[in-house]
Amino acid sequence: PEKLAEFQAKIDADIKIEPKDWMPQGYRKTLIRQIGQHAHSEIVGQLPEGNWITRAPTLERKAILLAKVQDEAGHGLYLYGAAETLGVSRDELTEMLLDGRMKYSSIFNYPTLNWADIGAVGWLVDGAAIMNQVPLQRTSYGPYSRAMIRICKEESFHQRQGYDAIRKMAEGTPEQKKMAQDALNRFWYPSLMMFGPSDKDSVHSAQSMAWKIKINTNDELRQKFVDQTVPQAEYLGLTVPDPDLKWNEERGHYDFSEPDWSEFFDVIKGNGPCNTDRLTARNKAWDDGQWVRDGLLAHAKKKRARHLAAE
Amino acid sequence: MTQDEAFLQFLLRMGDNTLILGHRVSEWCGHAPVLEEDIALANTALDLIGQTQMWLGLAGEVDGGQSADDLAFLRDAWDFRNVLMVEVPNEDFGRTMMRQFLFDAWHSIMLGRLIKSSDERVAAIAAKASKEVAYHLERSSDTVVGLGDGTAESHDRMQAALDYLWPYVGEMFASDEIDAEMAKAGIAPNPADLRAEFDALVQRVLADATLTIPESEFAHKGGRNGKMHTEHLGHLLTQMQWLQRAYPGASW
Amino acid sequence: MTQDEAFLQFLLRMGDNTLILGHRVSEWCGHAPVLEEDIALANTALDLIGQTQMWLGLAGEVDGGQSADDLAFLRDAWDFRNVLMVEVPNEDFGRTMMRQFLFDAWHSIMLGRLIKSSDERVAAIAAKASKEVAYHLERSSDTVVGLGDGTAESHDRMQAALDYLWPYVGEMFASDEIDAEMAKAGIAPNPADLRAEFDALVQRVLADATLTIPESEFAHKGGRNGKMHTEHLGHLLTQMQWLQRAYPGASW
Amino acid sequence: PEKLAEFQAKIDADIKIEPKDWMPQGYRKTLIRQIGQHAHSEIVGQLPEGNWITRAPTLERKAILLAKVQDEAGHGLYLYGAAETLGVSRDELTEMLLDGRMKYSSIFNYPTLNWADIGAVGWLVDGAAIMNQVPLQRTSYGPYSRAMIRICKEESFHQRQGYDAIRKMAEGTPEQKKMAQDALNRFWYPSLMMFGPSDKDSVHSAQSMAWKIKINTNDELRQKFVDQTVPQAEYLGLTVPDPDLKWNEERGHYDFSEPDWSEFFDVIKGNGPCNTDRLTARNKAWDDGQWVRDGLLAHAKKKRARHLAAE
């Protein structure tokens, strides 16, 4: 308890917790879950965008999309690295993803169905992710905080690219504009869900906020996202699929409809449009790649042995 | 054949190689055996697409004002001039990396010569690309060696990949009147002249990989002059060109 | 929504189901486990394409003079109105046959009602199609039973196929305002009303196949109204529509 | 030797040899090879055409192509059936195909690269096949002869459909016409090769002709094919890719260039454009289908056992 008080004092004083520092089990466990899920989201998040790489309409768009998906894999690396400082290996985390013990962001269980979806993912999904992540640059755990700083920089670049891609569609031919609207229709509510259910319904929030693993409430962030995104949609000439959306002068915020939380819980349970396909794809990549990992490992050992023998 | 016509064909050969191989490599995105490989493959694809923009961009200029995108997305299979090797499906990671290695080996040697091209535009593209490709070759060599000299299974898979791909190697060194024209003008080397350097490089790496080069000297051909492609190219184009074909004239 | 608009949607739903499933089945051509199956699958695909010509032909008439080919080859994914189940990839022969069985079961019941449609054109198409589909159902039932009650491996594969496909079953019986409109006009039954007959049929066959129907009642949806498709549909269309998109206006 | 004379006498008198009749080992062996190769050709022949089924440009064309490929599988069935009457099972023959001990027609080692190829295959490849097969309706072995009669009827239907398909292309847009010409350019010489090398170079021909397993010489049939096909190409406005092709008034036949026989022997050795892919596809179909064949067999046995138990 003395240690615990000391620990909390450091956090309150905005001193970062580092891997070798003492920390409560709950703090460690919560962090592993949160960082791991975030890492998995980057990995699974490659799939919906990767779905359009082979169909990107220009060389430039193909290059941008490849670079983006590559960055996401890189974010996965940083985050697995941060999680490893807490004593869990990347392989352990991966196995928990593959057998369903750990989750990834539900947004990636929605399909990408037209090219404007790629813009929408950048604009809305990365937009919502950044909204979540920016405060986490100040999170109490050092390696996590530093990973988030690097990631946020790249993510905001992605978001601008996404907005640019959907703008091009919204300003394009009638079909392109229709694609952009269709993308917004399908991604709007799932994006709002990315902030999680209302904090009233969230069990862990208070402790996580005390530990500065979580900085803002879900509802705060969701409101901020709506306030930021609605004018952008208007600028694009697109209609947010919410008839009750309107500016509330008094609050200084937009009033908006809640997403269908039963859908949210359905998707979490595994019933999203793509849950099965996403996990199948990741399992297949892992299983098919076993011989590669084994081969490279065997070679590394041989090489080391030869090196030692030569000394 | 005029020198301009030959030059266009040469540029298409360079650009179509990087375009089609870049596409194939990009198919791996999100499906590689290790996260580091996902990143490396995306990076390779990205470089190849960037090189495509340069080669096909120049080809389009020479051809009277088409864009690189026009050439990439609006030609049908018979207009492509890439070697057949870059068309074959990825199959497993072993075949993908073996194909990459064999192509990188040729590519790095070719670009090394093109740096000294009498055409400044070609020399400039080659200078930029050769730095990227030196890195590709380093990576693909390491992987081929690591997997060839890994477990029994990884060795067998790499040998099977080499056996499958070897008949596609010869086409990279086949020389025709276009190559002769380019060599005469000092724009590009005669591919046949690169073979000795290629063989030396490949033999060294494959020996480290404990792999055996097939004895047959048979070589598939037809891609570089468009007379014969594989059945795979047409399927690849259905994906690659879909949006441009379905929504002609749109700007993306 | 006017009755004509609803009728068009109904026809697209029927025709897109047979079009997309016919396409999927045709992918097997030359790759089936036994020669007899190659023949049978080609035959099934052929029937489904023939039915597509009738349904989409009528849809095109209703829609003011488009041809069945226009509808098949020139609409993008969002305009398709098939149930999601017919879009999923073939995977192994087991999943292909399980999908066929589940679809055939619904299809045969549906067509049985449509024979009595108040619209004579619909009734005529249904009369012709229902004979073909009765045979499809007989075959797919036999295969599902044979493989379900075969070896341990074939049983497990069929169970996995059923588990994968079951969440796609519910959509075939979802009813919306279009269905209500059709039912009111006596043109087509309300799909929800077919469920009991479907369940009885499927339960009997799957019991013979020693397979267990999953308990979850969750149903994917979106295909019938076009609000949500699978990612697979777009890829399928790149192949299916390629020539028509690449060479617009040509006659084949 | 007495039996042998009797056997030859029956053949000379155009009396069919039936499965239970005595026959020389060489006759049996040659027939098994010939019928087996023919059956395998029908099976492998599904692949180049199947390659375009998913890309057929209209529903009608798709239906026609499906029906055709289905017929070819049917021909395979008849022929395997005929071979089985000689004491070799379909599975044995299949295994010999899959491990390379038996061949199939080399023409199917060429790729189909544009839609006009589908027409060209019907017109040229089926055309050449019919030229080979029509005389075989009179072949001495009863089951083979009867199979050929059924097959020839369907093949000539396919050939007309193929000609119709390529005619549509030749009369179409400039691009379509170019596709038709491109198809003819690629399939002309391989079609000529379908009749086999000149009889001068063929070892087995004399015996096979005495046995009426082979009715005409390769060169006779090739000439007949050229004579029939050249006017059709002219009618289509397509150019046969042979600068030396011309009508020889004196002979009453076209003079034409020989195909490149070194290419022919290369393809037979396994170096055709598609040999590896074709055999890989067939092997994959067979291997992937093992569990299906096993499952259906196991079920049939169970069913029989239940049936017996119930008696």
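By letter and in written order, the chains are A, B, C and D; residue numbering begins at 1 in each of them.
The working rule: contacts are C-beta pairs under 8 Å (C-beta built on N, C-alpha and C of every residue); 3 or more make two chains touch, one makes a residue touch a chain.
None of the values given here were measured: they were computed from a predicted structure.
Under the contact definition stated at the top, the chains bordering both chain B and chain D are C.
The chains that touch both chain A and chain B are C. Looking at which of A-C and C-D shares more C-beta pairs in contact, the answer is the pair C-D. Centre to centre, using the average C-alpha position, chain B and chain C are separated by 42 Å. As a whole-number value, the distance joining the C-alpha centres of chain C and chain D reads 35 Å.
The distance from the centre of chain A to the centre of chain D, each centre being the mean of the chain's C-alpha atoms, comes to 57 Å.
Contacts with at least two other chains are made by residues 76, 238-239, 242 of chain B.
The set of chain D residues touching two or more other chains comprises 55, 175. Across the assembly, chains come into contact as A-B, A-C, B-C, B-D, C-D.
Taken in their complex, chain A has these residues touching chain C: 48, 51, 55, 111-114, 175, 182, 186, 266, 271, 273-274, 276-277. Contact residues of chain C toward chain A in the complex are 76-78, 164, 167, 216, 218, 220, 222, 227-231, 233-234, 238.
Residue ranges on chain C touching chain B, taken from their complex, read 76, 235, 237-239, 241-242, 245-246, 248. Contacts from chain A toward chain B in the complex involve residues 43, 46-47, 50, 53-63, 66-67, 69-70, 73-74, 76-77, 80, 90, 115, 168-169, 172-173, 175-176, 281, 284-286, 288-300, 302.
By the touch rule above, chain B contacts chain A in their complex via residues 19, 23, 26-27, 29-39, 42-43, 45-46, 49-50, 52-53, 56, 68-69, 72-73, 92-94, 143, 145-147, 149-151, 153-155, 157, 239-240, 242-244, 247, 249-252.
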